[in-house]
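Multiple structures are listed underneath, in structure tokens.
Here come two complexes built around chain A, the first alongside chain B, the second alongside chain C.
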Partner chain A sequence: MKHRLLKILACPIDKHHPLELKEFETDKEEILSGLLLCSECGRFYPIMEGIPSMLPDDLRTEKRELEFLKVWRDKLPPEVVDDGRPFKLKSSE
Partner chain B sequence: MHSNGGLKDEWERILGVLSQIADVYDKVNRVISLWQDTAYRQLGIRNGISNGNIILDAGCGPGVMSELVLSRFPENSIVLFDPIMIMLRAAKIRVSKNSAFVSGIFEKLPFSDNSFDAVMCGYSIRDARDLDVALKEIRRVLKNEGGRLVIVELGKPDNSLLRRGVESYWRFAVPLLAIIRVGKRGILFSALYRTYLRHPTNATFRSMLQSLFPLVDFQTRTLGASVIAVAHK
Partner chain C sequence: MEPYSPGEDTFLLADMVNRYPAKISLEIGVGRGLITTILAKMSEYVVGVDISVDATKETGRVLATLELLQNVDLLIADGATPFTPETFDLVVFNPPYLPSEEIVDRSVDGGTGGISVPIQWFTASLVVVKKAGKVLMVLSTSSKLEDAISLFLKTCNVRIVARRRLFFEELVALEITKRC
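Coming up: the complex of A and B.
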């Protein structure tokens, strides 16, 4: 995704806008891996293969997302590690 | 079965099937629509999309609708949106310029109010979990000034005889045509009969749209088996 998508992206659950962006891996203007954070409800949404995944909790795959978080462990904000929603990396380690 | 639409409890199963047929979906859709799908998509685009629009392609699948829009209006920006990652990957290969890709569902759109000039749903809205909630979410993200919802979809005739005819086509002919076109996996297309059964009749669908949008242009084709609608916010 590109930065300008942030202008319209909102949390699918509470519609909070703007979302906070954490970039892990970029290629020129394109963000390939990263996280979008909702400061309202505390949910994170992964950006994988350049595509933000913004599904509701019941359609998210815990195993896949925790694996993604583990790959970027060093770049995660502490609140996602300790208290991430819907999945906590800390309790899975 | 008459309903107000949406796949409800069958949604996850149907989406699982769609993931398995993602790579051939487009090919088969062409055959089962009797080669009319592109013409109907073009009609929807002509009726509801303008130059310079910011568009949400909701339920983009492999990106067929967006590709048609960008070939007509290369300056438009499109967000291609689908719950299925395999579909988005396929769409990303098909459409590259002026496009962004987001994964999510109709009923929980991850966009701010008042964001898009047009939302288009090409053969996708019947796969919503809850049609009424989906339409309300679409209305929310459309711009207050001139926002339009463009729907190209299978239709369910109001006349019971025609309806039975179209239902039989979906039940018996579609899986057969799919098997002829793509082989053994074609049998999975029989799941699409369920999505058709769950879909509301044309009259019900039209009144659902009219209850949410002040101006609705609702056209049917092929004896009511196809719908091309533009709803203005």
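Coming up: the complex of A and C.
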């Protein structure tokens, strides 16, 4: 994902804009791993293998996303660990 | 989920997309990336979404091979839902339009009358397309085409810009312009 996309991204659930970007892994201009956070509803959207995933809750894959969160545990903001939506890392551990 | 493979409907949309230069365009359902490669040449900036992880990745590989990724961003999303309002000049899609009681295969099942999913995509597109911006889509006479068009006409001008006859149906390419 490139930074330019942030200008037009909104939370698919409540349309909040702008979303907050947390970068975990980058290659030049490209964000390979990270999170997009909605400060309105508290949802996180993962950027995995360079691709942001902005699906509604019922289409998200809990297992894949929790595995991703575990990989980046040390870089996660506390609110995602304790209170992340739709999945909490803490309760799954 | 398997990406949708290009069919007659894709080619009809491809012919149409070739005639619409734009500053910023959105493609819903990139599938295997055929339309995306055309948009990349016709638009200054293209955003492509698909609900399928595999489709998004495959389109990324196709664009990378053709060195077309400079002005294209891809993401996984359910239609036009994750964008700011009035953002795009052009929204393009070949929606699933097979009449179905429920949605089992998201790449082909269009829901009730084959227009329930196309109408959902249209409604979300209307929010993110600019005033006087355009939505280009393909529908089939095997779905309740007239019902869909009357709904589009409430907020938009609709023009049929191409038709293609197949064995049991006719495919119709629509240019839908947002009035206000």
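Just so it is clear, the second predicted complex is superposed on the first by the 93 of 93 C-alpha atoms of A that agree within 3 Å, B and C clash if a C-alpha of one lies under 4 Å from a C-alpha of the other, contacts with A are read in each partner's own complex, and residues count from 1 in each chain.
As a convention for this text, a contact is a pair of C-beta atoms (placed from the backbone, for glycine too) under 8 Å apart; a residue touches a chain by one contact, two chains touch by 3 or more.
As the structure is a prediction and not an experimental result, all values here were calculated from the model.
In this superposed model built on chain A, chain B and chain C take up the same space, so to speak, and clash. Of the two partner chains placed by superposition, A:63 touches none, neither chain B nor chain C. In the superposition on chain A, A:28 makes contact with neither chain B nor chain C. When both complexes are overlaid on chain A, the residue A:52 reaches chain B and chain C alike. Taken together, the two complexes place residues 1-2, 5, 8-12, 15, 17, 45, 49-56, 59 of chain A in contact with chain B and also with chain C. Considering their complex, residues 79, 83, 85, 88-89, 92, 100-105, 108-113, 115-116 of chain B touch chain A. Residues of chain C touching chain A in their complex: 45, 47, 51, 53, 56-57, 60, 73-78, 81-85, 87. Across the interface of their complex, chain C is touched by residues 1-2, 4-5, 7-12, 15, 17, 45, 49-56, 59 of chain A. Taken in their complex, chain A has these residues touching chain B: 1-2, 5, 8-13, 15, 17, 45, 49-56, 59.
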